[in-house]
């Protein structure tokens, strides 16, 4: 077995040194009845690289890769071009095969990039501080609600109907345990009046912008309404690239920002691993979930970085911890921070402009198809169309024509009649105008 | 431009510090008439990664990758499975972006792997010493002949007709300058009598085994004949994997071994870069071409490695150097040595057995096609078939059927009537029995 | 900065005298590296994008006004920045990494390559399912391996790490209880448990009762039995436990729990000790998470990402969260909402967006196919063998609180340091100077100054022997009273000991431009 | 081993006192690493292959009898071995690498990715040409870039490195001469030429006459003129030359050479200084090799591989070696033998098997497309600007033998070290302690103790300023008489100065098992 360095001789010698007759002796604490042999497992024996590669490549070939066809899916995961140096750098052994930086003297590489990551996230979101990541945008949103419940000592969380349904369900699952979660009624792509739902029991209001339909939401009035009632505003962002063109949540009144960072540096990966961004105000840091990296000095007085405020965390505080998270999204943070470093101010804002321009051009193309209407007056790189018929079968028909034509709203909201005919369409810098033409032609066909 | 760190401000400041009015001032030595502007070049402006990637991917998609179809080409380049860790490790920045190890104190990584490489090559070939690589097998062969001419002070080199024609032409081109090159008449896959061609003017006899048709040659009688006349035997190996199953050239009388190392660790790459292996006897080292790494100690008495015997080389000896080579195949050596280290004795000999077994099975399958006959009674992983009609069009027909069915001998020997109907077919560990069946079926079709 | 500048007595200096500073501040191949924000400037970027202008029409008047403040750097600078940072890290690939409970085993590069196949890496989670049948088939195949290896009927794939899996498991239990019309509040957790266990229990809305450990490192089964009652929802044990021991009486404890109407959650972080030899399903376990980033070697990546699928007993299976993966004649299908649930399923909710850590699934399956059932069994045996070899070789030098044999990790305490003035922490930092990553320290909490050493199956005997020799050497040094070697360690790392108190007292969690920080004052 | 053990006076130690040894011999993140052959053993391998037996039938009785003697290691050990070795190397990616004449510029990772596309990396050189039209088109496109940038009509693509390109160029000239029925024997090469120039001329069967350099670092054009004659086959100049200067009188020299019936071979290793601004074709050059691994950034890879295409004038084009790349209505076609030559072509022969360094071609074209003509011009300007910035900033501290401005590299001599007892070599080794790779030393031979500094366009101004400051600091140290800092340097590298004499006196070029080496004695 190529991964196992011990030879039979080694094993014998080691058993000898231990004074054990055989390997079974080391497992003597295992109840007899629970000891099984190889035959208990109807699984194959070990295989070489070539065979494994073939088996997996066969499975991979049964999927349509996004990059191989005109592609327009978004709704919480976006296909962007990731520079080659990103994937090269994150595979450096010293990044890839190290653990959480518990020993700062020999983990400054990880600690410094996390500190830089925290700074970047704070800058993008317009907040004062950010943590070193959570699992993804959905769990970050749920954690944000729990944090708001702790901070306000109030039970109720109000969720905008524009919040990604998976995020809403994840939040409900978790936050309902310790409180109450209220979802605003669905009003696709039209402003909703959340103020009515906020009361003295409300810990927070959760609003996504651009929302799941792509609509850009103005957080300011909601922030006012929430703050007026002593509630916090949690802003959710599923497409961070939008922050290169739109006002930051921090600048529009958010108290906590939960975002999905996948768009920067990370591939689609069929849904994971992604990277949850979490930022808030300085005064809330002791209630923050997740790891935090802080600056300090070593005994020679040189600047260095360490994991800090761990008294919030499970390994110190146990049942009193602010979260149970341990392993987070380390390497995805690295991909994010490298890609963002490559972009810089110029690149990131430029990328955002391109995304919006491509989406605007595409919306124009599709909107002109008879029977098709654009339901999102404003959007960043994703918008929603109303089709003259249910969207799901249309998307299947498009797929049959070799086009991945967006996400039918009904996939996320099967119970909402409202959603049945809605198609959520995204464009990014990877979307060409030829892609758009192909889409327009195929969609026209499928609708006629 | 993403690769250029200087800002316009920087450029201005630097010109100021230099005291130059503008950049043109720094080019003042260029004759006016030779100064041209941007417009002199009908070439595009810079592009982003996405655009460049698209342009090159488009070209790549116009080729049939070996791994995407049943594949049987050899004749000097072989498709083997290279473990993923090889390509990962050779891309470590410290290996990929370093220069020839001129500063040994900060190049021990490169120097140690080259020392290990030299040792592996010496072991495989059964020789006493090996150098740190030449460009490829063909230039290694030519260099071997020049070395033999220097060592024997004789002009004539006798080339076996089984020597890869490209190797023969490369050798002729170079060695004819300083002497005479005689090629034995073509006798595909039957023993040839080279002894007759050896005389007191003969510096060396060059024999490839397995030869270009795949035939395994017995070097011993030729070595005797050569040595009897005071000539040297140069053994050429184009498929190093064969050394895992066959007697080494050293053990069968070779004085110099020139080999192509591509099969181990290196991809096909449409012909390059490859890695020339060069090994010989200790007493000849001062006439060897190429870099040599040797063991020594540092001022603390610790073992270390350095480039040595550079008095043979161009940068010291200039026109008296044993070769003009400077840049060699460094990173390909690394891929070779890592792959061979992974294989080890067990893996390398096992790999050789698999290659031979697959080829034997394939030969059986194809030999049974009516009108097709096997012309190479012995072989390692490559053999030659005689077809009932010219091979070149058949290979084209096979390609049209999505099968890369080997190399027609006429591609290498267009002037040899003898070669017209011969097809050189290779199999490796990557060749499946399904591939073989598909080949047999398609070939049968093409011949009927 | 020279040591003297820090004013520590030169007696200590002589242990590992620090050379005088260089002009550059760099030292040979060891480069200092500023922050991105200190390196960057305007007018340069590491990407080239077509210049594009946009109209305001669709931006709802919310176009960003101010600058973000991101630094500009070219690609060469970026590459150098991260290469330099990486060189300040210790890694499995550069040395033995005996971090107990963390399972720092070899991460095959084949798995990285497979995860990057466009057919896996470039798939959108919401693209039509018929265009991702190969991906769903891969998840199904991984589920088959996990359920077969654990002998459990079902598995929930979406949890993103171990702690997330714990949460998933406890929420499943909570849902099963609710379905029985019960609302039990207590969960019994041993004192030796990993911090995530009590934290998760609390997060899931339970109260935590601590089960004491016995002097032999095993959970006090009788105490646990006594604590069981009608308000106990579950027992939450780790097996093999965090002392590196297999809970001998685990099946009894399971039985008692079941008799008491409670479920048995097992923390499976240490499954790597028994995979291929013992099936948790045979132990009476109802739910167990598996850290794919431990047992099945998906890279830790400096802290993540991971994956924590949870295997479930028949009793709990119906309550597994969305999405569910089904197979019918039309192929594989994801059930993503309550609307079209198969009969008998009552998912408690959803753990996260989409369907889990696909990237980790590919790597884990590549690991499994490569090892095979025989290799997985062998790997477990080798891991246990290596740990016992270390235990046997070092117990004379360090102090082992419990009788062997152990499972995949060897636990020591700091008794052997008594009177030396050297702490477990000091000892660990001295290991850094010797080229080793320290073991897990001060965990589990049940022994004093714990040192938990997990060598994994990835180390050769030669490597283990070197490690043992160095540990012996250090122990002798400590006992010989060479205090400075430990108290001031590490001397030879990119940084000396860092001031964690200062970091926590006045947290600086981000870089700020001078102006800003001035303002702050 | 401690320093004292080597018995050097401790006075020197105090410069960079070496700490006492560790128990392990490793030091923090710096690990010592034995040879593969010292680590390996029987019974283990880093691959898994299906066990296979073979019959003797087809082996002509030549089956290997003895063992080869290769060591066995598992994959984890192999990965660690090479990761550790890599960490002992300096690289562009970790710091400024001012190796004059070697052009250590940034190597974009995009280019690595492109070269690995199966459509390029997994192509067989002899597969049917209609199945490789994209590859041939890529070569044709690269040829278009090279001929356009150089203003030359033709290019031979097969040479595998610069020296191989020189050989190709001289053989082309030789063939052209022969076609004229001439057999001129002499080639004029300046004393400042790179070693490969005379070596290549000799290899190509010519005798070398050295052209002196003038005091200003330029070739003595008048001397060259005087040396021209009926037996001169070619002049072989480097431009910009190895002193980093553009040969002012290059066009005159070309004219004289042509008048004398000789050809003008130009060593194009320094093309990176003028690419996009000057076309060698406008200078009267007949043949010039281009190091794709310098000007167009294909990675040096620790010594290779490279690629050395040779651009040719109309006079030489017909004699270019096989293979030739043609395009007709059926697409691209390789002419691989004399049998089907297009009219007017008389290839002198073949440089190597197959068609050249395709892997490098892909990388170079990716570099060209990324930079574009504008970026290539800018890169040349930035390279020249950076070199002049260093020249201007350091000429007060170090000693510059020639008047500026320079091209892409700044040349200094060791006059500034006069009386310090510090040599160019010592100075270079002290740079290593400061975290810098030394510049090219003792080349070119025309100045004493040459220091040839090529910063390339890949360094930021901040990086150049740091380098300048450190060089100034070192120069002051040298002048201040801090001799030990230099004479004993490096102190902080993985190895101290290595004994090269010993290595050459009794060469040990391979590892040998003890038994064998015993026998040797």
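The first chain written gets the first letter, and so on, giving A, B, C and D; residue counts start at 1 in each chain.
The rule we apply is simple: a residue touches a chain if its C-beta (ideal position, glycine included) is under 8 Å from a C-beta of that chain, and two chains touch if they have at least 3 such contacts.
All values reported here derive from a predicted model rather than from experimental measurement.
A.B. asks: Sort out for me whether B-D or A-D is joined by the greater number of C-beta contact pairs.
C.D. replies: Looking at A-D and B-D side by side, B-D shows more C-beta contacts.
A.B. asks: Taking each chain's centre as the mean of its CA atoms, how far is chain A from chain B in angstrom?
C.D. replies: The mean C-alpha positions of chain A and chain B differ by 47 Å.
A.B. asks: Measuring centre to centre with CA averages, how many angstrom lie between chain A and chain D?
C.D. replies: 45
A.B. asks: Quick one: chain A and chain C, Cα centre-to-centre, how many Å?
C.D. replies: Chain A and chain C have C-alpha centres separated by 20 Å.
A.B. asks: Which residues does chain C have that touch at least 2 chains other than itself?
C.D. replies: 18, 28-29, 42, 44-50, 73-77, 79, 83, 87-91, 93-94, 106, 108-110, 112-113, 370, 432, 458-460, 463, 490, 493-494 - these are the residues of chain C that touch more than one other chain.
A.B. asks: Which residue numbers or ranges of chain A touch two or more of the other chains?
C.D. replies: 1-7, 46-47, 49, 53, 83-85, 88, 91-93, 106, 342, 429
A.B. asks: Considering only which chains touch which, label the overall pattern as line, ring, star, complete or other.
C.D. replies: Basically all the chains touch each other, so complete.
A.B. asks: What residues of chain A sit close enough to touch chain B in their complex?
C.D. replies: 2, 49-50, 53, 81, 83-84, 88, 91-93, 342, 429-430
A.B. asks: Can you list the residues on chain D that touch chain C in the complex?
C.D. replies: Per the touch definition, chain D meets chain C at residues 15-20, 22-24, 26-31, 39, 48, 74-77, 79-80, 83-84, 87-95, 106, 108-109, 370, 432-436, 458-460, 462-463, 466, 469-470, 473-474, 477, 490-494.
A.B. asks: Show me the residue ranges of chain C that touch chain B in the complex, using the header's touch definition.
C.D. replies: It comes out as residues 28-29, 41-50, 73-77, 79, 83, 108-110, 112-113.
A.B. asks: Where on chain A does chain D make contact in their complex?
C.D. replies: 1-9, 46-49, 83-85, 88, 93, 106
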